[in-house]
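Each of the next two complexes has chain A plus one more chain, namely chain B in the first and chain C in the second.
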Partner chain A sequence: MRNSKRTDKWALWAVSTLCLGIPAVFILVPILAFVLNSLWHNDAGQLVKRLTLENYVAFFTDEDMRKVYFRTVFLCLSATVTNLVVGYICALYIYRQKVGSRLVLILIFTLPLFTSYIIKMYAIRGILGHRGVINELLIAAHVIQEPITAFIFSQSAIFLTLVVLYLPFSVLPIYLAMERIPENLRLASDDLGGKESHELKHIIFPLSLNGVVVAAVFTFVMTFGDFVTPQMVGGIDGYTFGRIVYSQFGVALNWPLGSALAVILLATSVVVALLSSLLLKLGVSR
Partner chain B sequence: MQTPQELLKLDNICKSYGQTPVLKNINLSVYGNEFLTILGPSGSGKTTILKILAGFEEATQGVVLLNGQDISDMPINRRPFNTVFQDYALFPHMSVRKNVGYGLIVRGVGRAQREKRVDEVIETVGLTGFDKRLPAELSGGQRQRVALARAIICQPRIILLDEPLAALDVALRGQMCKFLKGMQRRLDIAFVFITHDQQEAIAMSDRIVVMRDGEIEQIGTPESLYAEPQTRFVAEFFGENNLLDGVVHSGDGTWAEVEVETDMGYLTCKSNNTATAVGARVAVAVRPENIDLLEDASRGYACKIEDIQYSGATYIVELSLQKASQIKLKCRLHGSRLPPALGVGDIVGVTWAPGSAVVIGKRDA
Partner chain C sequence: MTRKFGLLSFITGCVSLAALVVIYAPLLTVWVFSFWKPIRVEGSLRLADFSWDSYQKLTENSEILETLRLTLTVGAISTVLAIVLSLVFSLFYWRTRGIARKAMQAIILLPFLLPPIIVGLSLLISFNEIYVRRGVLTIIIGHTVLVIPVVYKIVLNRLESINESYIQASFDLGASKFQTLVYVVIPQLGLAVTSGALLSFAISFDETLVTVFLSGSSSTLPIRLWSMMRLGFVPEINALASSIVCVAALATLLFWLVKKRVEARPRV
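So, the complex of A and B:
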């Protein structure tokens, strides 16, 4: 008895160490490394280990960089809000189906997650591009005379692509939150004389809000950090904060500045996540 | 209840899931202000009846009549019944006040009137002062009261209660029984109460419907079900009973005295069953408390005392028939009625008043 208890204790220790240790090593340590890197001085591509805040100062004093930052925040917030609205409608549609067909629908909606990012991107380019499906259709319909650039190599192109790419990350958490609502609550609403609109307003919507928050955080964090999409469909006009961060590492070889910008990116994501959960708390009135 | 008025009628309701029948030819009336309990073991179909009443399920066959009108196709939200769910189904994100007021909110009742009515109902169920709390911040009994308050606020014709006491501990259950019965009297509307607990049923009901395997076994007052069970199942489900198999020896078979030939010889029993024709195989049910023990074994049936258990107010004496020791009897005696000289192994005479034994047709033996 005592022996098995001791084994249990050891097993518990081992499991906790693994559960806490793996994230610590693979998530916390890299973040700390970034923070540390962001405090070093850059001397023409050479890293000088001298503590300084100049990288942060550079961000806050460079007007172009700030402009890109705020434009990206706005872009990602709009993509997030659009995704939440579209995602909510999709999730609600799936939720309203019979239990058997829900799984099939959820699979269809999340099918994009099973394909490669690059393939999806080229598919979208094929649709939005200069001689893409949309332009060709509009020309065939005599709406426009020649291909227009509204759909490709612009901020709106990035916006459209982000919405399409990240929709599953909204549908899934919102749907899961809905599915967790006990059937009895909906029956109770019906039983008390509620119509479907009451059920949606008073029961389903408030009880799926936590799914909306998760979806919002997912979408914002992922779109804000995404630098491949802007590069592929954004062109010269589609400069985003993620691309700046990337270029500091890949092109400019200014790791300290890149790290500082990465820390700012992370901080922005954390603030958005906190704000979202705060909104949730305020949104649910007793 | 003077001249009970039939409010609701289930007319020949059948329900099956695929090939499996769960309800077979249910005919049942609910009167205007009665406390009706549907009692049965799990799987007997009692909850299905409630679901059909509430509109959650559709009957495969038969109709539900409200004041003579067919309401089988009436949507859930238009039926003048409200349900207290087994797990209460309180809205977890709403305060007690909002939960209770929900039925009025969806009916578009104005704020001032709504608040006033909510206050009244919250006071009726004794939850004044708890109205700002969330369901998670309440005890089981309080949640139960919220569920009831939420159901009564729209002044339904019938309250449907689906095993609402199952989740409570025993002490609280007794208290809630009293509370529910009191509420039903006070509101003067019909309660249809589902349970598998015969104690609850006996304590609260005006009438009890005993269900078994999707069929109604017997409908009656608690007293009549206890005193005059019509089936073996009812006889054993309500309290303890001694059941003796036998054959009808004589009698006219309708509310008359019949003699039943059993292994114990002829027993004179009251018949409440028209099926007890001469020669019919029946069982005789004798309640343990109706059996008398006599020191003189030559009077009555000679039995050997197998065991005596003392349980405070009463002694429970287990007996076996001397002529056929496989036949066991149980007898419950108040202390003063147990002859002091008797002990385990003694032979005693067993008797009962002829009217206290009941003949049960063996249709479900």
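So, the complex of A and C:
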């Protein structure tokens, strides 16, 4: 009996090491290595392992880079807010249906998530492009004579594409939050003669706020870190912060600067997440 | 809360319909173009007659097919790895107390919470540091790290919903810990593991933002398509894309039907 207790203890120890060791080696250590990388010195493409803050200084002193940074934050915030508003309305629509049709509807809304991201972007480029579907339709309808370039290779093209690609990510968490609202709260409101506008304002909206926050954080983090979409539909005018980070690991080949910029990207995402949960707390306590 | 027709129903209905049109438009154009090739007649866009041409070309494009095979292999291997590791991790979290399990959970959920670009370049920098060349192995590791949080969460949810009295009963009847695990716990995880596997395979199949940092000369489908698109229009892509959409839709539908069946059965 005592012997088996001892083997149990050893087994637990071994399993704990395994369960902490594997994630530490494959997740934690790489992240630390990446943060450390942002502190190395870059000497004309050659990495010198000397601690320095120059890569961060480079960001804060380079006006062009700061401009791109703030423009990207603004772009992603607009895409996030748009998706929250549209996503909320869609979620509300689904929620107001019969229980059986809700499931089908949420499936229809989320199905595009399971189809290739890169292919959707390729298709969107085909729709928005210079000789794309929209331009051709507008010409055929005699609205315009020449194809217009407003839709492609610009910041607005990135905005539209981000909205289309990430909308299902807003609908899903908001709907899930609505679904968790206890049925009896609404029944009580019904019994007491509450109007639907009342119910919406005092029950559904406050109790679905946490879903809105999840959707907001998710959309912002995903769009802010996306560097493929801006490159595919943004062209030269579509330079975003994510693209600058990525280019440091490709053409520009300055890994320490790239890492420092990525740390800033990460910090921005964390700040947005913290601010959103703070807003939620304020909203709930009010 | 089904309501009579009202202003709110009308507005939410219209917005939802518009949203659906917008998110399905890309998929629809790909599907249409795969059968009716877009051509130019005197400068304006016309559709050619219906043909299976682009599908025919797809079956002859060995480069795409080779990449497709690699993508499926990577997806299968990382899914299996993720399931095995997630089972161990979730059982550890479920059966132990203390800070070790909390620390473990915090670390393994990170790749899901961090922007993909951070996960990708962290792994890139680390592999470079220990002189591991980029290739299939690094892609598999990246995908496994990325899908573990998803499978882990699904399996853990199921574990935590298991009634504690079944475990007690098993011990009372003289079963060892191992027997309890194999005969009482594992059989209840079927649906959770299947959902996790499907989801992680789908994520791996489509992964772009992490993979781009980890792929060397051999790359998975999204990366290959990305580089192909920079060169211009390839009709096979439309055929490939519509096939993928069809398979994904069918798989989702099938899984949903099976899930309904299983959930209708009384639980042990």
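In this section, the second predicted complex is superposed on the first by the 256 of 286 C-alpha atoms of A that agree within 3 Å, B and C clash if a C-alpha of one lies under 4 Å from a C-alpha of the other, contacts with A are read in each partner's own complex, and residues count from 1 in each chain.
The criterion applied here is as follows: a residue touches a chain if its C-beta (ideal position, glycine included) is under 8 Å from a C-beta of that chain, and two chains touch if they have at least 3 such contacts.
All figures in this text were calculated on a predicted structure; none of them were measured in a lab.
When both complexes are overlaid on chain A, the residue A:124 reaches chain C alone and has no touch with chain B. In the superposed pair of complexes, A:198 makes contact with chain B only, with no contact to chain C.
When chain A is checked against chain B and against chain C, the one touching more of its residues turns out to be C.
Across the complex, chain C is touched by residues 12, 15-16, 18-20, 22-24, 26-31, 33-34, 37, 86, 89-90, 92-98, 107-109, 111-112, 114-127, 131, 133, 136, 139-140, 164, 167-168, 171, 186, 196, 200, 221-222, 224-228, 232, 242, 245-246, 249, 255, 258-259, 262, 265-266, 269 of chain A. Remark: chain C residues 1-3, 6, 8-9, 11-13, 15-16, 19-20, 22-27, 29-30, 33, 44-45, 85, 88-89, 92, 96, 100-101, 103-104, 107-108, 110-111, 113-118, 121-126, 129, 141, 145, 202, 205-206, 208-209, 212-213, 221-222, 225-226, 229, 237, 240-241, 244-245, 248-249, 252, 256 touch chain A in the complex. If you check the complex, the residues on chain B that touch chain A are 54-56, 75-78, 81-83, 85, 87, 89-95, 97-98, 102-103, 105-107, 132, 134, 150-151, 154. On the chain A side of its complex with chain B, the touching residues are 182, 184-185, 187-195, 198, 202-203, 206-207, 284, 286.
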